[in-house]
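So the structure is just underneath, and the comments pick up after that.
Chain naming follows the written order as A, B, C, D, E, F, G and H, and within any one chain the residues start at number 1.
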Amino acid sequence: MIRGTVFIASDICKGCELCIAACPQHSLSLSRQINPKGYKYAELINDECTGCINCALVCPDAAITVYRQAKVKKAV
Amino acid sequence: MIRGTVFIASDICKGCELCIAACPQHSLSLSRQINPKGYKYAELINDECTGCINCALVCPDAAITVYRQAKVKKAV
Amino acid sequence: MENTNKKEVRLMKGNEALAEAAIRAGLHAYFGYPITPQSEILEYFEEQAPKRGFTVLQAESEVASINMIYGAAGAGARVMTSSSSPGVSLMQEGISYIATAELPCLIVNITRGGPGLGTIQPSQGDYFQSVKGGGHGDYKLFVLAPSSVQEMADFVFDAFRVSEKYRIPALILADGALGQMMEKLTLPEEGSLPHVTPEWGTTGKTKDRERNIITSLHIQPEKMEAINHHLQAKYKAIEEAEVRYEEYFMEDAEIVFVAFGLSARICQKAVDIVREKGIKAGLIRPITLFPFPKQIISETANRAVGFMVVEMNAGQMVEDVQLAVNGKCPVYFKGRMGGMIPTPEEIAVALEEKFIHHEEKV
Amino acid sequence: MENTNKKEVRLMKGNEALAEAAIRAGLHAYFGYPITPQSEILEYFEEQAPKRGFTVLQAESEVASINMIYGAAGAGARVMTSSSSPGVSLMQEGISYIATAELPCLIVNITRGGPGLGTIQPSQGDYFQSVKGGGHGDYKLFVLAPSSVQEMADFVFDAFRVSEKYRIPALILADGALGQMMEKLTLPEEGSLPHVTPEWGTTGKTKDRERNIITSLHIQPEKMEAINHHLQAKYKAIEEAEVRYEEYFMEDAEIVFVAFGLSARICQKAVDIVREKGIKAGLIRPITLFPFPKQIISETANRAVGFMVVEMNAGQMVEDVQLAVNGKCPVYFKGRMGGMIPTPEEIAVALEEKFIHHEEKV
Amino acid sequence: MIKTEEIIVAGFGGQGVLSLGQVLSYSAIIEDKETSWMPSYGPEMRGGTANCVVIISDGRISSPLVSRYDSAIILNQPSLDKFESCVKPGGFLFYEESTIVNPPTREDIHIFKIAATEEANKLNKKQVANMIMLGAFLEVRSIVKLESVSKALLKVLPERHHHLIPLNEKAIGIGKEIIQKQYQETI
Amino acid sequence: MIKTEEIIVAGFGGQGVLSLGQVLSYSAIIEDKETSWMPSYGPEMRGGTANCVVIISDGRISSPLVSRYDSAIILNQPSLDKFESCVKPGGFLFYEESTIVNPPTREDIHIFKIAATEEANKLNKKQVANMIMLGAFLEVRSIVKLESVSKALLKVLPERHHHLIPLNEKAIGIGKEIIQKQYQETI
Amino acid sequence: MEIPVLENLEVVYKKPETLTDTPFHYCPGCGHGVAHRVLMEVIDELGIQEETIGVAPVGCSVFAYHYMNIDMQQAAHGRASAAATGIKRVLPEKYVFSYQGDGDLAAIGTAETIHTVNRGENILMVFINNAIYGMTGGQMAPTSLCGQVTSTTPYGRDPAKIGFPLKITELIAQLPGAYFVARHAVHTPNAVRKLKKALRSAFEYQKLNKGTCFIEIVSNCPSGWKLSPLESQKWIEENMFPMYPLGDIKVPGKNITAPSTENN
Amino acid sequence: MEIPVLENLEVVYKKPETLTDTPFHYCPGCGHGVAHRVLMEVIDELGIQEETIGVAPVGCSVFAYHYMNIDMQQAAHGRASAAATGIKRVLPEKYVFSYQGDGDLAAIGTAETIHTVNRGENILMVFINNAIYGMTGGQMAPTSLCGQVTSTTPYGRDPAKIGFPLKITELIAQLPGAYFVARHAVHTPNAVRKLKKALRSAFEYQKLNKGTCFIEIVSNCPSGWKLSPLESQKWIEENMFPMYPLGDIKVPGKNITAPSTENN
């Protein structure tokens, strides 16, 4: 399985939950805490992320960066 | 044949000739003289008019009144 | 807030008070387009219309609204529109038409900070547009400047009354603060402003009269000049009969504030402040911007030390004050722009600077 | 008349002279909508564009034209539009935006008799709209009033020069007679007005600079007030540096006509007429309406017996004259409206009535 | 004193009254005079009345619109009705004969009747009636030289009509002759 | 002298700051006082800051907008940052505890910390946090009577929410209690 | 002219009562005159002179109110349908129509046109398409044909620069608010007869409160086209009709505009 | 939040360079943000930041220029396409796009919209249809659905009073000037992918000078609709899509608008 992860800018996030709904891995959830703008923000909650970028595509605040594990190159 | 005739208000007529073109009986023509507005005007030139009202329908200046011979009623 | 009891004291937004008053004044139809800070007017009407039996239509633009008003007013109905600065700019052609066709109606401008798209904060930057004529040609509107929520309601009645009496479009010019703020008010009584369908309205040409025509076109300049003379005569009559203003501490005032709308309220406080320091200040508040209270200002100029005009703009009404004062004493100006509201304190300071410390004349 | 030789004396309509001058001034684009009495401007451009290499587009309305101008001027091009009174009223929102976004451009108003649809005859009824601001908020245009076909051409260059120097929209205000009449003129030389694409234009954000933004929106009132202060400072600079006027028989004049545009020419003749009767009359002709030649009028007021303002309207510039005179001597007004042009004789009579037979002051 | 001639040319649209005026104005320019040409149209869309006021002067022209004229060149009845009274006493009125039912009646001005349409029809080009009127006018009021008029025609007529210049010049000549003949007759 | 209280109520949109102000204003009307309520919104579309200035006075109110306040009722950090300095010396500042990370620091004003959100959550109705703040404020600044506030609630709340009035009144009571407790503690 | 001596003559055609005696100011052969007359004939025949309010545009027909003996308003350029909306909304029982040219209705007034129809205002909109701005001296209109020479397209309308002729009638017919949409002409007696029938239907439909009736009249502008009236009629047939074919475009009952995208 | 420790991580998605770091002022969950971002992604990928000029409307996206790191203009309400026309006509080699809401583009700006497309201006028009006036506080837009409650239709939009939702996209697709017309959405990852492809094509087409590209984005306005962002997505699917189905409406090569009346 492809492994990935996301970075969510918690100060930018407005807690709309759209990423949460879009994540096929159910890897996202809202924080308990609020950010300086008064919003709960999205957080990664498990290791199932595949780096599919779905969450980032629907994020209205461009708050998500997605990383994927590079295919390890065979040593020459 | 139905007999008809027309009255053309020569002071109103602008000599556009549209009635002339519309008359199936070729009964209309432009005058030689001009009216106070400086236009030659349409005139009835023969007795062939059937009172078909074509000329009146296309006259842009509502200058034409059309008459038709009433069917003579039988004396009772 | 759907209770329409008479004489009840209410807390209402200026915009809503104005709309409610218009319904009580027997409005037949409202046409308008949303814009901050006055969208509540349209919204209030939309909410009330089915219950109160008048017509309201959200137009596709301000250009459409003002021309719908033209049509409806021309048909003899009591009608109004409202907008805010940029939207009112779009109405200028239509307003010029309405003024020339002599159609009574009410236009409300709840102004915001300009120019351009500007801000949505309150401003008085549309004075010139309202009284000099933002549209083309020589025409006037009957312009009322309320300065409280109570007046936002009351002046609707005055506006319709004068508008219909003289066949002149009326304009209520109020800054966004007056539209947005809530104050207590007693609503005017419903139905106290009778309306008769005017005999000139295009309601269908009955056999007993000639056809009615609403137009502002008179291709013969002689005719158009006659129309203009007629309009000017009417404006003169209005200048003679319909001027309104308010005075505050004017009995012994030496230094005179002139301000309208919200600025006038702030100046009132400034008068209090400087009076405490022993400065004999007073306030003349023009209520009608056209007709402008020239005479009282001119007369006051005979005895005053000077004037201080306060506006939430770069200096517009100050010209009308100067015209009335006509050099008899100095006229200074203090303004804030772009949606900023002056404080009584800064006005008091400005006055002292000019009249006590004598800084240069604007 | 397609010959574009330099320095050749030609007989041209004012509208065509203006259009030809604009091409010679290096116009990049024209956007406009037909309206009498100025449609020849658009028509001339359409005819010349393919041969002379500039852009011309017939817009779907005046609202569209002024906003096309906004876009094109914002992109750094030298652009213009033209219309007549009702069409210019429709542009008021756009003009307020352009003024606030500080876009140089030229707007031409070949006025007709208003208000409303009015007539197509010449008038000066749009003075207030032009100089006080028909749109919302505090803004100014650089307003030039030509009074001959020669000036219809020449002033295009001045308009672009000042407009680009200060980033202020320029307006040429001329009545329909100036647009329609033919006079002899010498056309300005092609290419004598260099144009540099401004660094603020939205031409594409290159790597070496920040992005350029054209806007008139500043939602924070503090910011919007700062914008306003900046605009006002600019207007003041223009008032100091760009005032233009013309004098006629002013050396010893006791009675002073003030008139602009066509009216000024008629007043010139009136000066001749009354001078023959021994009346020491003269004429001050404001060429720039904003900035208004206050100072010369104010100074003249120190020694003059009085002023007589002549306009083809109900009295608009007269207010600016009164403001400049500030009570130092009487200011009278003589106007014709709705497309009527006064004759030199009637003006002479009016002057005698006021100053020789002393009838009441307006 | 500055010499100024204020002329009104009036008739139906399409009779060439505006271009008659333009030829006059351009001729003045060629002679380095000051000139203005101001058109005016009736409320009709087309075919209604049209006129232009032409001023030719040695000095600066103040108002391009005047209400009294030194000369009037009239090509139809409504224009005659409107402008006859506007000719200055001692002034000149030229009218096209065939279009006028009620001729002018003033006695304090010089009146000339020209059969321009008729003569133009003889030339098979009724459009040049206006030039016949111009010729007649210039014969009486020689405010510009004929050679200037020829040069002016080059400017006023679009290039594609330049082949018609000789015909126009001929028409002007006819107009002049009509007047000459009238003078001779009155002698 | 005329007694006037100038109050700012500020927080995020949605926290009920505007209706808190309206209840205050309406209460004043019920007591026949003069009042004005002036809202202001931040540039954000929603969820941004919002505030209202409420003035209650025995006399005519001149400017409905002032820049110094007798009291401030603050429901979020940005508003605290903005308005702390605007409280008049000797004035009163009430702030909602859970939303404030950096508490106020001024020493020349009276400061009250209220755990309104927490208490509202206990009522299972976080929307009434604003009424808890109101209760706290009124306990300190009793410019209007509680019974007026109850009547005001009837006016301000739309009819469909009238069943919530007891809850709102309860919340006001809780706010008052919080202050009473703080006083007791400080005693 | 004398009436030839015929016995038992009865009038079979005379100008409608509801047309005033003021002669039209239109150019010789201009279709506006016919359109005016037919409109008034219909009002006469329906007997609704007292109940009808018309709105004149800015365009050659700006003076329509001089000729139509009914209550009328003259609206700002492009805004006739907005003014008509204002009238109809306060006088819903009356018949209201607007009368506009192609510049008025399809250029500056496009927004008002689209939204009036989209609202389904219960009015009749009469649209005179003569492919030119007549009043201002023959400038290009949105409906001017490709290649058509006008005073603002001296080299012919170039669609690459200014787009193709705008078929606004087909466009508004798509709107659910449009109840009856048809294109007619006035160049032949038969065309006039058909137009009259359509106008009559339109007024009758107005009673039903079902939406906007919109009738385009393909007309001529001999002056703007620089053709004689007769030539202009030929030009209509040869050039206008291929672009603007006559006939019903939307008739009640047959709704061409489903609220889906079926037009794709 | 920390990035979980994974080896050999490479960025597979990050916000585009051409988006500034200024946080959006939009409400939580508002589609404007996605639309902005995708637009800038396309500009990044095509490498045309230096050659692109955008025009922001009046509406919630009035501040688009705060976020898009390109030269931009803010146009008057409804006039973005007129301003874009002005820009494109003087800078024909540059890429120009306008970005407008439904009030801006389909109410006050209707005339400019129709005529910009009819001229076939070589620009991209991006049209955000959220069936409401977001910025001014949730009033009815021309595209609001029947029965939709807004602050100016407190009893639901009543087509009998104010007409049916205006499908302006289908309308302008009829115009020959429209080269590429499509309707997309931003509510799911796949929708966003498709939108991005369409925007990319639109910019590519702009080089061909073939006419206007017009992309409607069906979006949401949680605040105006008084729904949570998630509810608003559901509302889009259940209520918006039946009226505004997604997909290509006009694609190059397949001209749906013949110069005849084939749409009847």
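Everything below uses one rule, namely that a contact is a pair of C-beta atoms (placed from the backbone, for glycine too) under 8 Å apart; a residue touches a chain by one contact, two chains touch by 3 or more.
These numbers were taken from a predicted model, which means no experiment stands behind them.
Under the contact definition, subunit F and subunit H share the contacting chains A, C.
Between subunit D and subunit F, the least number of touching-chain steps is 2. Among the other chains, B has the CA centre that is most remote from the centre of subunit C. Each chain gets one centre point, the mean of its Cα atoms, and the points for subunit A and subunit C are 55 Å apart.
Spacing of subunit A relative to subunit G, judged by their CA centroids, is 60 angstrom. Averaged C-alpha coordinates put the centre of subunit C at 29 Å from the centre of subunit D. Residues of subunit G in contact with at least two other chains: 26-28, 30, 62, 74, 76, 107-108, 110-111, 114-115, 135, 142, 161-162.
Within subunit C, residues 57, 60-61, 63, 86, 93, 97, 117, 215-217, 219-220 each touch two or more of the remaining chains.
The multi-chain contact residues of subunit B, meaning those touching 2 or more other chains, are 14, 39.
Within the complex formed with subunit C, the subunit G residues making contact are 49-53, 55-56, 62-63, 65, 68-76, 79, 82-87, 89-91, 94, 111-112, 114-115. Remark: subunit D residues 63, 85-90, 92-93, 96-97, 99-101, 111, 113-121, 123, 125-126, 128-129, 132-139, 215-229, 231-232, 313-316, 319, 322-323, 325-328, 336-340 touch subunit C in the complex. The touching residues of subunit B, counted against subunit G in their complex, run 3-5, 7-8, 10, 12, 14-18, 21-22, 39, 43-44, 47, 51-54, 56-62, 64-70, 72. Looking at the complex, you find that subunit F touches subunit A at residues 12, 47, 76-77, 99, 101.
By the touch criterion stated above, subunit C contacts subunit H in their complex at residues 33-36, 39, 42-43, 46-47, 50, 57-58, 60-63, 86, 117.
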